[in-house]
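So, here come the structures, one by one.
Look for chain A in each of the two complexes below; its partner is chain B in the first and chain C in the second.
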Partner chain A sequence: MNTEKKLAVFTAFAAMVFLIALFAPYLTPYDPDAQDLSQALMAPCQEHMMGTDRFGRDMLSRVIMGTRSSVFSVLALVGAVAASGTAIGVYCGYFGGKADTVVMRFADICLAFPGMVFAIAIAGVMGGGITNAVLALAVISWPKYARLARGQVLSMQNSTYIQAAQMSGSGPWKVILRHILPNILGAIFVTAVLDIGTMMMEIAGLSFLGLGAMPPTAEWGSMMSNGRSMIQTSPWVILAPGCAIFITVMIFNLLGDTIRDYLDPRRKLQSE
Partner chain B sequence: MKKKRLAVMLVIAVTAGMLSGCGAASLEKKEETEKDKVFNYGTTAYGPEMGNAGLNPHDNYSGWSTVRYGVGETLFKFTGAMELEPWLAAGYEQIDEYTLKIDLRDDVNFSSGRKMDGNAVKECLENLIAVHDRAPGDLMVKEIRADGQSITIVSEEKVPALLNYLSDPYGAIIDMEYGVTKDNNVAGTGPFIAEKVTDSEINLVKNADYWGGEVKADRVNVKTITDGDTLTMALQSGEIDATQGLPYASLRLFENNDAFTINSTATSRTFFATMNYKTKALQDEKVRKAIAMGIDKESFTSVLLEGNGSTAGGPFPSNFTFGNQAVSAPVYDPEGAEELLKQSGWTDSNGDGYVDKDGNNLSIRWLTYPGRQELPLLAESVQAALKEIGIDVEINSTASYQDFLDSGEWDIYASAMVTAPTGDPAYFFTSLTLKESAKNRGQYYNEELEKLAIQLSKEFNIAKRSELAIAMEKIILDDSAFIFASHLKMSFVMKSNVTGFKAHPSDYYEITADLNISE
Partner chain C sequence: MRRYAGKRLLHLVPIILGITFLSFILIHSVSGDAVDAIYENAGAEVPEEVKARRRAELGLDRPLLIQYADWLGGLVRGDMGVSYISGNDIFDTFISKLPNTVCLTVSSILFTVLLSIPLGILSAVRQNRFTDYLIRFLSFIGNSMPGFFVSLLLILIFSVRMGWFSAMGNDGWKSIILPTLTLSIAMASKYTRQVRAAVLEELNKDYVLGAKARGVKDSVILYKSVLKAGMLTIITLLALSIGSLLGGTAIVESIFMWDGVGRLAVDAVTMRDYPMIQAYVVWMALIYMTVNLVSDILCQILDPRIRLEGG
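For the complex of A and B:
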């Protein structure tokens, strides 16, 4: 399959996940939070295709609803860190000076910590909740984008077209917005798409540890955590959200890889 | 050239030394493993989260660890029927209502080598009442006199349940001359001596000079495994020989399995919720009652606990004369609960599914902790049940629950407690419900209850004590100051070659001299 076809397929899959997340409340066969203890731990059957959990809640409904919290939170997270990290990186790269030194040393400090451990510490201090989990991951994730953007800016700062723009009287912000940003956005975008899968795993990880979504929010990580004691006796309780995470992360990772291949200049040269 | 030779010789010498060291160490370890009967015990019930880390019985709930793991013993102990019998004591005499003389066994030594006599016990009890949070209020000691192998305790006030309180694990007798080490180790009188104590593990060796007969196991390693699934797999893989605190879903894996044995007993460990009287909405008795009526305790016990417990009415299980059968708690009645809320002015005026008053939804911050697997389940079950009657429950299940308790950021606190650890009802009331109670977290106060507590504290007649306890239970239930959800059935699961490891209704005694592992 060539890159264009792969891109179309994976974009379609990603769009499908997004649409499921968007219309989740209309797609669930049952109320995902409604408990019915008389139906607890039912194995997958016609009535409940993915079975029920220990509270008698329909697993399919919760997995569908979980798409919403998982996908939206990860998109918010990736969007926020990509935007803030890029803005900081571009500013530091273009203007340099003391601000650059201070911010980059701070970024070094953030990068020096093992990311997930740092996020657990932050989420632990701030308390549980999906918002706090997103904030915790945002705090550890922005330096990557800042470093990438700064590096790109530094490498193109001495380019003739930048110098020409500066000599023709363009101010720094005009140069940044019209000449620098459009040229670095491709790399940022690929990194962001590739990060979706990783971030999804990290949010699910925090929820699994009890530092993310709080009950009764249907979130894949917390659903897996709640079901782990039943992996040997009622495996569907953990397999359903586990498979959802696996499939979604795989889709976004493959999409990221394909976008990277698609935007790779060597591919264009080869095709020419 | 000389230097090179020297370097080569040094390398050879160091390498040989290292190899011989390894060989000796592994040989020694192997010998020890082959010879010794080692019992590896995994538990969810030890550690800082439980307030029982370390073995110093005079600190918080650490006495439970001292007694549970066979390091320390109390003067009296409970039988399976929760009746008292002498343990380190040989007998006692109630001289008058304020004076109790206890004769001590003459054949007991501490693991430090010191003989346990009246002076040693006096020193230990005096330290206990000087530093412990609950003991001084329970024991009300005015004076302790030692005379050879006996002590005489003079109380400031009448303390009818003094023997019971002395049987609380905080009453474990330790050698105060040996003291408490930096790692919270102590010299007790039990069948085992701790070699190493950390917040997550205790390594014990048998006390060869144990006064109570031969100690059958040579070594015991108590390991904290807070995750129930890890615990399950550790038992399945053989990493541990026995456990308590398995998830209910996992118990099924060991039932009707020849390789494992399950030993269960009903306990007075109760899962209950405490109302915070500082919360404005909960100052309304009707709101508290509505919450009590909105919780489906029966389903929680039968489905979520998978029958490993009994539905609670009051704080005590039915095997006590002052237990559940003697009181009536609000029953599950969502319609009645809605009606009560309505009477208090809480109605769903904006149609968002939650009742509101003065523009504010009735929202409850439900604080609990994950250390007891039942509590998050109770929280989620309550959240769904109360949503049905229009109350929004925001769950905060955190290991750092104490911080939230201290800061007052909670409305209802759900916890687990052994309500009658001393077999006597007074413990529960004095610990939790009175104005001066050390753990009256919700700031509950009822004048009538305080009066009855004073009567209870002076009443020696057991039948009358039961009557008073029932009256007190009725008050706290009528006030809906507490909601009692369920009493725990405790289960020990062990490999089938383990004997002498039995669950006790008091939840105090686990590792004993009878513990044995057959080949």
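For the complex of A and C:
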């Protein structure tokens, strides 16, 4: 399969996940939060394709609803971090000076913390909730984008086309918006898409530890955490959300890899 | 060499100050009033004067920077206060759990190296053949599975179905196997890809072609030259991954009831034991930093090219 075809296929998959998240309330066969203790912990059967949890809630409905919190929170996280990190990085790279030194030192300090350790501490301090989990991960992830953007800006600042634009009277913001940003967005975009999978696993991990989504919200990480004690008797309580994370992460990873290959300039040279 | 190490150490000073200050502020801003927290479970209402006296005793009425300096001094002496919950000394508790986490980290890294280097080389040498596709497929799967899912799957397969290990709790030396496997599967998937890329890049260099033309055996080229050159990338990456490993152990430790600092931290978070969380963040950051420093210096020693550039 060539890269274009792959790109189309994986984009379609990712779009499907997004649509499931968007229309989740209309797709669930049952109310994801409706408890029915007479039907608790039913094995997968015709009525409940993924079984039920210990409160008798339909797993399939909860997994579908869970797509919503997972996908939306990860997109918000990656989008916010990529945008703010890039803005900071471009500003620091282009204008330099004291702001650059201060901000980049701060970024170094943020990077000196092992990722999840800092996130666990922040989420722990701020208390649970998926917003706090996203915030905690945002604090540790922006420096990556800031560094990437800054490096790109520095490397192109001395190129003739930037100098030409500056000499012909373009102000700094025009140079940044018209000439610098379009050139670095590709690299930022690839990094962002490749980050979606990892971030999704980290958000789910925080939820699993009880630092993310709070029950009764249907979220994959917390669903698995709640099902832990029932692993011996009713493994589907864990397998259903686990496979959902796995498949979604895989789709985004495949998409990221393909986009990277697609935008790689060497690819065009090879095919010629 | 010595000059480089010295320079690196000097650069670390502001970062260490930053790390500790950030951790201090982070916890200080929420725990805000440790006194309130201490008396929270006292049962009866504690009068304000008693609280104020206790605050003065603990030095919480002084300016923030003084408190930070004081706390930093304590950190250096290994005095980080006592746990809000158990009343035990934080530093002693932390140090007593650290060996377990180090043990788990080291065994995971060893297993990762044992797994990913041969697989990565094999994958590179057999590029675009069945073995390569299979290895890449497996590593892709391992890469897309969150650690907690892997650990639960391992428990499901090896403890529940096969009954080889007791799912949780102490099982002697056997209890380290499943957590190690969990951590290594994720890491090895990543490293196999990177070892493969590093080896492929070296294999495409001119000196390899030159050596081939002179009739040097493929295996000699691979083991004598290519591996040596590829090793550096791998060391740097491994050092960087210690960070994610240290964080990852938190989840895995609490699933497998492994008595290390990760589980300590997760418990501290659930019980809002702020000084304990603080100790965890600071020490993990310091350990991570030290490991990175050592790996950079190691790369210097191993690679004459960097040595020359660095002066």
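By definition in this document, the second predicted complex is superposed on the first by the 272 of 272 C-alpha atoms of A that agree within 3 Å, B and C clash if a C-alpha of one lies under 4 Å from a C-alpha of the other, contacts with A are read in each partner's own complex, and residues count from 1 in each chain.
As a working rule, a contact is a pair of C-beta atoms (placed from the backbone, for glycine too) under 8 Å apart; a residue touches a chain by one contact, two chains touch by 3 or more.
In this text the structure is predicted, and so the values were computed from the model without any measurement.
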Per-residue touch tally on chain A - higher for chain B or for chain C: C
Which of chain B and chain C A:M214 touches, first, second, both or neither: first
Chain B versus chain C as contact partner of A:A119, first or second or both or neither: second
Contacts of A:A204 with chain B and chain C, given as first, second, both or neither: second
Touching partner for A:R228 - first (chain B), second (chain C), both, neither: both
Contacts of A:A34 with chain B and chain C, given as first, second, both or neither: first
Those residues of chain A which chain B touches in one complex and chain C touches in the other: 124, 210, 228, 231-232
Chain C - residues contacting chain A, complex: 14-15, 18-19, 22-23, 26-27, 29-31, 140-141, 143-149, 152-153, 155-156, 160, 167, 242-244, 246-248, 250-251, 254-255, 265-266, 268-270, 272, 274, 277-278, 280-281, 284-285, 288-289
Parts of chain A lying in touch with chain C, wherever the complex brings them together: 105-106, 108-109, 112-126, 197, 201, 204-205, 208-211, 221, 224-225, 228, 231-232, 235, 238-239, 242, 245-246, 249-250, 253-254
Touching residues on chain B, where the partner in the complex is chain A: 228-229, 232, 247, 249-250, 252-253, 296, 299, 303-304, 370, 373, 376-377, 379-381, 383-385, 387, 394-398, 400
Chain B partner contacts - residues on chain A that touch it in the complex: 33-35, 37-38, 40, 54-56, 124, 127-128, 210, 214-216, 228-234
